[in-house]
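In what follows, chain A forms one complex with chain B and a second complex with chain C.
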Partner chain A sequence: MPNRNASAARTRTVILIVLLAALHLVILCAGFVAPYDPAAQNRDLPYAPPTRLHCWDASGFHLRPFVYAWTPTDDGYREDQTRAYPVHAFVRGDSYSFLGLADTNLHLFGVDDPGKLLLFGTDAFGRDEFSRVLLGGQISVAAGIVATAVTLLVGTLVGVIAGYYGGWIDEMLMGTTELFLVLPWLYFLLGVRAFLPLHVSPARTFLLLTCVIGLIGWARPARLVRGVVLSARTRNYVLAARGFGGSDFYLLRRHILPEAFGIVLTQAAFLVPRYIAAEVALSFFGLGVSEPVPSWGNMLSALQQYSVLISYGWLLAPAAALFVTSVMYYLLADALHSRLESR
Partner chain B sequence: MTYLARRLLRSVLLLAGVSALCFLFTEMAPGSFFDEMRENPQISPDTITRLRAQYGLDQPLAIRYTRWMKSALHADLGYSIAYNTPVAPLLWSRAKNTLLLTITALLFTWIISVPLGLFAAARRGGMLDRAITLLSSLLIAVPEIVIALALLAIVVRWHLAPVGGMVSRSFEELSNWKKLGDVAAHLKLPLLILVLCESAIIVRHIRASGLEVLRAPYIQSARGLGISHARLLFRHVLPAAANPAISLFGFSLAGLVSGSLLVEVICGWPGLGPLILDATLSRDLFVVMGGVMFSALFMVGGNLVADILLMMCDPRIRAGALRAQ
Partner chain C sequence: MKVIARLSLLVCLLAAICAAGTSSTGAPAPQAPGKNEELQRVASVSGHYGGSLSIGQRAEPKTLNPVTESDSASREIIGRLNADLIEINRATQKTEPALAKSWKTSADGRTFTLQLRKGIRFSDGQPFDADDVVFSFSVYMDEAVDSPQRDLLIIDGKPMTVTKLDPYTVRFTLPKPYAAAERIFDGFPILPKHLLEKTYRDGKIAQAWTLNAQPSEVAGLGPFRLKQSTPGQQIVLERNPYYWKVDRDNHRLPYLDALVFLSVGSEDAQVLRFEAGETDVISRLNSENYNLLVKEEPRAASQLADLGPSLEYNFVVFNLNDLSGKKLDAVARKQAWFRDLKFRQAINSAVDRDGIVRLVYGTRGTPLWGNVGPGNKLWVNQSIPHPKRSVDTARQLLKSAGFSWSKSGQLLDASGQAVEFTIISSSSNAQRMKMATLLQDDLSHLGMQVHVVPLEFRAVIDRVFQSFDYDAAIMGLGGGDADPNPEMNVWMSNGTSHLWNLGEKQPATDWEREIDQLMQQQMVTLDYAKRKRMYDRVQQLISENLPFIFLATPNILTGADARVGNFKPAVLDPYTLWNADELYIRGAGMENAGVR
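Moving on to the complex of A and B:
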C-alpha cells in the first residue's frame, strides 16, 4: 500500500511540474502567444467585455471558431453579427521581439482586421487584457524567481557557514537572522521605496525591488539550511572523508550541500509565489513597475476604484492568473515537503 | 529572572538593529529625495546644499543615526512635511484605527481557530477535518491580495457591507449606539479578510500539535480512565499542545500593526497602512521611518510577550531545560 501511495504521489508531482513548466513557457513566449501588443490602444473600445468564441451560426456548425466585432451602444457593447471573423493560427500582427533574440510579427492565433480577438476584454484604454496578462506575467513571475534566487543564494551561504563552522560565527549569524525575522517586511519595503526616487526607469525599479524583496527574506532558509548542515556535519561518512584529508570546500560540495538540496528546493517552491505576490502588492500600490509596462500588480491597481471593480469584472484576470500560479506552486511545495518528510 | 532579563536585552538590541538596518538600506539605495529637485532648473544647487544641511543630510551616517536615535528615545519621531505636524501624534491617531481592526481580528481568529483545530485533530480524517484542511490549504496558497480583491468584489457587487473609510458620511448625526453599529458595519469586510487569512495558518498549527499530543501514551491512558471527550480535549490536550500555539500567538501580537497594511489599503480603512503608503508616495520620510519603527516595536514586543507567556506556562522553560524556539 505505501508503495502505491508513493508512486501516486510521484505521478502527481510530475504532472504538477509539467503543468508549471507549461505555464512558464507560455509566459516566457508571451509575445508569441499574445495576439496583440500590450501597449496598443483601441480608443474606441474602452472596457470592452471578453470576445465570445462562436462555433454555431445560422448556417450550422463550424469547426473553426469565429468571433464578431463589438459595436458600442449606449450602455455597453453589442455583437455586430453582420460579419464573422474566423480565428486563424499563426497570423501576422504587431511586431515584437521573440525572447529578445529576433524581431518578428508572427502570433500563435488571431483574427483578421478589423476584427478583434479580446479573450479577457479590454481595460480603460482599450488595451487587450489577455496580452497584458501574459506580458505582465513576464515581469511578475520573473520578479518572483529572481528574488527567490537572491534569497536562497544568501540564505544557503549563511546557513552553510553558520552550520559548518559553528562557534561565534554561528551565534552572530543566527542573531542576524533573528533581526531579519522580526522585520515588518512590507512596511520595511515601503520605507526603502520611500527613499528611492519616485520616477526611475521600469528596468531599474524592477531590479531594485527584486533585490530588496530577496534580501529581506533570507533568514528562514538560512536557519533551515543551518539545521541540515549541523546534522550532516557529524555523519560518519563526512568524518571519514575529513579523515582522508578532504578540504572544507570538498566536504561542503560533495557531502553537505547535497543534503541541503531538498530543503532549498522546497523553500524555492514556497517562496516564488510569495515573492510574486509581493511584487504584485507593491505595483498595486503604485510603487513598483510603472505604466506602460504591464505587471499583474499595476494592472490590478485600476480596480482600486470600486465602480470599475463591479462593472468590469474581467479586469480581475491578473488576480486569476496570480491565483492559478500560486496554487500550483503551493501544491508543488506541499508535494516536495512531504517527499522530504517521508525520507 | 535572568532568562527574562536576557530576552528583554535581546529585544532592545533587535529594535536598535532594525533602526540601524533602516538607515543602512536607505543609505545604500541609489538616488535621494533631492535628486528630483536637482533636475528642476528653477532650484539652484546652493539651495539644495542648504536644504541638505538644514535636514542634517550632509552629516555622516553614524551621526545622523545617533541623532535620530536620541530624539526617538524621547518619543520624538521628527516632523511630517505633508501633514505639517509632529510625526508621533499623527502615527498614534491612525494606529488606533489599525489596532481596533487588528485586535478585533485577533480575538475572532483565536476564538474560531483553537476549537476548530482541536476538533479537526480529534476526528482525524473525518468530514470536518478534511473540509478544514482543504479550506486552510486554499487560504494559505492564495495570496492575500487575491482573497481581498475577490471578497471586495463580492461585497461591493451585492452591497453586503459598506466599504471605504471607517464611518458613513452621516456619522456625526447618529446616536451613540448607531455610531457603534456604523463602525461595526464598516469593520466587517476588512475583519473577514484578516480572520480568514490568519485563522487558516493557526488552525493548521493547532491541528498539527494536537495530533502530536493525541498520540502520546498519557492521553491513551486518560481515555482509558473514562474521561469525557470534551474534557480530554480542552483539559488535557490543549495545555500540552499549547507551546507552539503560544509562540504563534506571539506572532499574532507581533503582526498587530504591520499585518493589515494590504487589507487596510484595499478596503480603505483609515489605519496606519494608507498613511504610510501616502507618506511613501509623497516622500514624507520621517512618517515612513516612524511607521517602520512603530511596527517593528510591535514585532519585537509580540515576540517578547510570547517568550514571557511560554515561561509562565511551561515549567521546563523556567528551569532552563528547553530553549525557547
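Moving on to the complex of A and C:
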C-alpha cells in the first residue's frame, strides 16, 4: 500500500505547512493581534494573573464575552465585579508599525480603558504577557529562520563543492567542518558578545548573533549534502550527461542539487526550532536582545528566580509557545523525511 | 504548570538531601566555670544545651583566616570562631565589653586602656593574655601581610600603636582622636599567638587557616571551634568548651552543640533548603522569597522577621571621571550632559521611587533621597527633602539647561544631539536589573533613549573602577556599620569607592572639597551632636549635588525555624548569627541537661 502511505504523508505535510503558515502569519502581524504595546508598563498590576473571559453574569448569558478589572489585594488580585468590560473587535489602542510599512493603532481585539484584557497575565512590570509572547515571537522565530538560512546556504555550498570536486578540496573542507563541529559554541558566543561595544542596538545584536549561530552550524548540513552529492555524482545518468558534454554548472543544477534538495528541506525544518531554542539560551545568558524588547528567551530568563517560577505559572507562556512551534517544525521535518524515504 | 514546577523542584530537593552531609554528634561538654576565670555573665539569657543549627550559604567561604578574609560567607563563619576585644551589640548598636572587660578613654580621645579578662582560654585550652592582643594587632597592621582591615587601623596616614602594660592590660595610642572610638575594635578577632607566631615569622600568615586546615591547627576565642571542613560542601563547628560567657544561671555558653554551614550555591537554593527544613536560619532574603515563606509560614512554623530598612543604598552613578588620556570619546561627549547638575536633577525628579519599592521590593523596601536612610536612626538627616516624582519638573529643568525635544519626542541637547546612553548593572542581581528597566521606562518619558546592558558582576566592577568605559551604572553600597566612618572611602575625593570620579588628586568641585573637610573633621570629633551636624551637612551637599541618584533600600528580611530560641535578628551584619552563642533549640537535647 505504498500509495496510501504516501498520500497520508502528503496530507500530513500539507496540514502542518498550513498550521505553521498560520502561526507565522499571527507572529508576523503580532502588533495587530496583540492588544497592547509590549513595553508598556502597568506599575499597579505586577504579576497579575490572566484575565478571565466571562459570558455569564447576574443578568444571564452574553454572546459578547466580557472581563473584569483586577484589584490588588494583600495576597494577589481579585476581580472587581462592579464593572464589566466587553471585548470588542478592531479597537484603537497603542500605536505600532504594521509590518514596518505604516504606523497604526488598530488592534484585532481589546477592551475599553481602564479595563485590561490580559490573556496571559502580566510580568514583573505589569506588561501584558500575551502581547509580549507575540512580539517576542517575531524576534525568536526570525532568529531561527535567518540563522537556518545562513546555515543551509553555507552548508549546501560547502557540501556541494566538497562532494562534487572531491580530492584535496574535499579533504580540506571536511577537515574544517570537523573543526567547527568540536567548537564549544556557547563559549565562542560569550566571547563574541564580550568583544562588542556596550552600545549595540537590539536589531544589530540580533542580526549579529543569528549570523554567528548560523555560521557555526553549517558543518553538519555540509557533511550531509556532501554525502548526497558524492553518491549522485557517480550515478549513471550523471555520468551520461557528463559524456554528452554537460558543464559542471549544468550537472549541478539539473541533476545533483535536486538530489540534495530533500535533505536540505528536512534539515531546515529541523534547524529552525533548534535555533529558536538557541536564541532562548543566549537571551537566558544575557546575550540576546535587551530590555524592553521582548523575545521568548529574555522573557523566560525572568523564571530563573525560584519564587517567580513557582508563584506565577502564566509566565511560562513563552515556553509553551516555543514548545508548540518546535513540535510543529519537528513533525514537519519528520513528514518531509518519510516522504523522502518513500520516494 | 505550577504542579510541574513544584515536582521538578522536588526532584532537585531530593538530590540535595542525598548530597547533604549528616550533622555532628558528640560535641565536647562545656567546662564548668572556674574560680579564676573572669567570665562575662549575660543576665538576660537562658536556654538549654544540645542540638545543632544548619545554615545555608549562597557563596562558598574562601578562608577561615581572619587576617585575609574579605567575603561575607567567610566572615559569617570566622565571626563564630573568634572574638573581638570590644563588640558592637547588633541589637542595641552600642559597644559592649568582650575580651576586654572594661576600658578607659583618655580625655583627648587618643588613648584607650583596655583591661583584659583573666583566666580565659582559647578553644584549644591555651590561656589568653595581652601578648595575643599585641601579636594580633601587629599582624593586622603589618604592611607585608596586607590585610584588608589594615586601612581601618591607619588614621590620618599613621598606624595606631599597641603596648602591653601588664599581662592583662593593653594600651592603644592613636595618632589623632578617632570619632568612632572603641567601635574600631569590633571586627578585629584576637589571634592565638601560640599557634600562629611561627607561621607569621615565616611570612606565611596569609596562607594559614585555609578551608583545608586541620581542626587542631585552628583556635579562637569565639563560641565555637572548627570540627570538620569539607571544602565545597560543609563546614562543621562544635561548641568551644572554654568560651568566656555564662548565662543567667551561670551555665557556660554556647547552648548549641554544633553549627553546620552548608554551601548551597545560590539564594534560591538557600530558600529551598530552608523551606524544606534542612537549614534553620536564613538572612538577606529578597522580598519575593520572603513573601513566599510568609505564605507558607502557618505550615512551616518558622519565625520570619521584617526588620525594616537596611543601611544599604542603591543608586545610579554617572561617569564623571576624568577621561583625558583614555580613548573614550563617545563617553566623554556624553559627560557634557552628565556633568550638568540640572540634567542629574531632572533624572532625580523623574525616577519613580515608589514604583521601585513596589515592583522591585514588593513594598518591603524604602525609597531613598540620600545616602543615609531611615534605617540609620542615629545619623539620618531628617531635613533632606523628599520631593514627589514629577516629569513636568524634570522637563522644565532640562529645558532650562538648554535641552529641547524633536518632533518625535526625542530629547536633544543644545547642539541638536539626541540624548542616548547606556546603564550597566550586574546581571546576577535581579533587583538592580529590575530597577534599570523601570528607570529606562521613566526616562523614556523625558525623551531619553536609555539602553540597559546586563553584564557579569566582574565586568561591571572593571568598567566602573578601572576602564571607566561606561555611561551610567546601577550599584549598591553601605550596609556595614551605622557610623559615618565606613563611608569615608565613598565620600572623600581620594576615596577608593568615590565611584563617580575616582582618583581625584584634589577635589574636582567646591562641594567635594567641603565634603572632604567635613568628613575629616567628623572623624576626629568626639562629640556626637557636633559630628551629627557635620554629617548632616555632608548629606545635604550630597543630595543637592547628586553625584549619585539614590533609588531605594531593601528591608532586612530574615527567618529561623520555630524551634530556634533567643533568635534576635538585627539590621547590622551578620543579621542573624551575631548572637549564635545564645541561640538554643527549644525542646531538644533535654537529656544533656545533666552535663553541666
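Here is the rule we use: the second predicted complex is superposed on the first by the 339 of 343 C-alpha atoms of A that agree within 3 Å, B and C clash if a C-alpha of one lies under 4 Å from a C-alpha of the other, contacts with A are read in each partner's own complex, and residues count from 1 in each chain.
We adopt the following convention: contacts are C-beta pairs under 8 Å (C-beta built on N, C-alpha and C of every residue); 3 or more make two chains touch, one makes a residue touch a chain.
Values in this document were obtained by computation on a predicted structure and should not be read as measured data.
Look at A:Glu291: by the touch rule set out above, it reaches chain C but stays clear of chain B.
In the superposed pair of complexes, A:Ala277 makes contact with chain B only, with no contact to chain C. More residues of chain A lie in contact with B than with the other chain of the pair chain B and chain C.
In the superposition on chain A, A:Arg43 makes contact with chain C only, not with chain B.
In the superposed model, A:Tyr187 makes contact with chain B only, not with chain C. Of the two partner chains, neither chain B nor chain C is touched by A:Val91.
Contacts of A:Gly313 after superposition on the shared chain: both chain B and chain C are touched.
When the two structures are aligned on the shared chain, A:Leu153 is found in touch with neither chain B nor chain C. Once the two complexes are overlaid on the shared chain, A:Glu178 sits against chain B while remaining clear of chain C.
After overlaying the two complexes on the shared chain, residue contacts for A:Leu300 are found with chain B alone; chain C is out of touch. In the three-chain superposition model, chain A touches both chain B and chain C at residues 194, 198-199, 286, 304, 306, 309-310, 313, 316. Chain B meets chain A in the complex at residues 10, 14, 17-18, 21-22, 25-26, 29-33, 35-36, 137-138, 140-146, 149-150, 152-153, 156-157, 163-164, 254-255, 257-258, 261-262, 265-266, 276-277, 279-281, 283-285, 288-289, 291-292, 295-296, 298-300, 303.
Against chain A, the residues of chain C that register as touching in their complex are 1-2, 5-6, 9, 268, 271-272, 286, 288-289, 291-292, 295, 330, 352, 355, 358-359, 422, 424, 427, 430, 434, 436-438, 440-441, 451-455, 459, 469-471.
Of all the residues in chain A, the ones that touch chain B in their complex are 178-179, 182-188, 190-200, 208, 212, 273-274, 276-277, 280-281, 284-287, 300, 303-304, 306, 309-310, 313, 316, 319, 322-323, 326-327, 329-331, 334. Chain A contributes residues 39, 41, 43, 46, 75, 124-126, 194, 198-199, 201, 286, 290-292, 304-311, 313-314, 316 to its touches with chain C in the complex.
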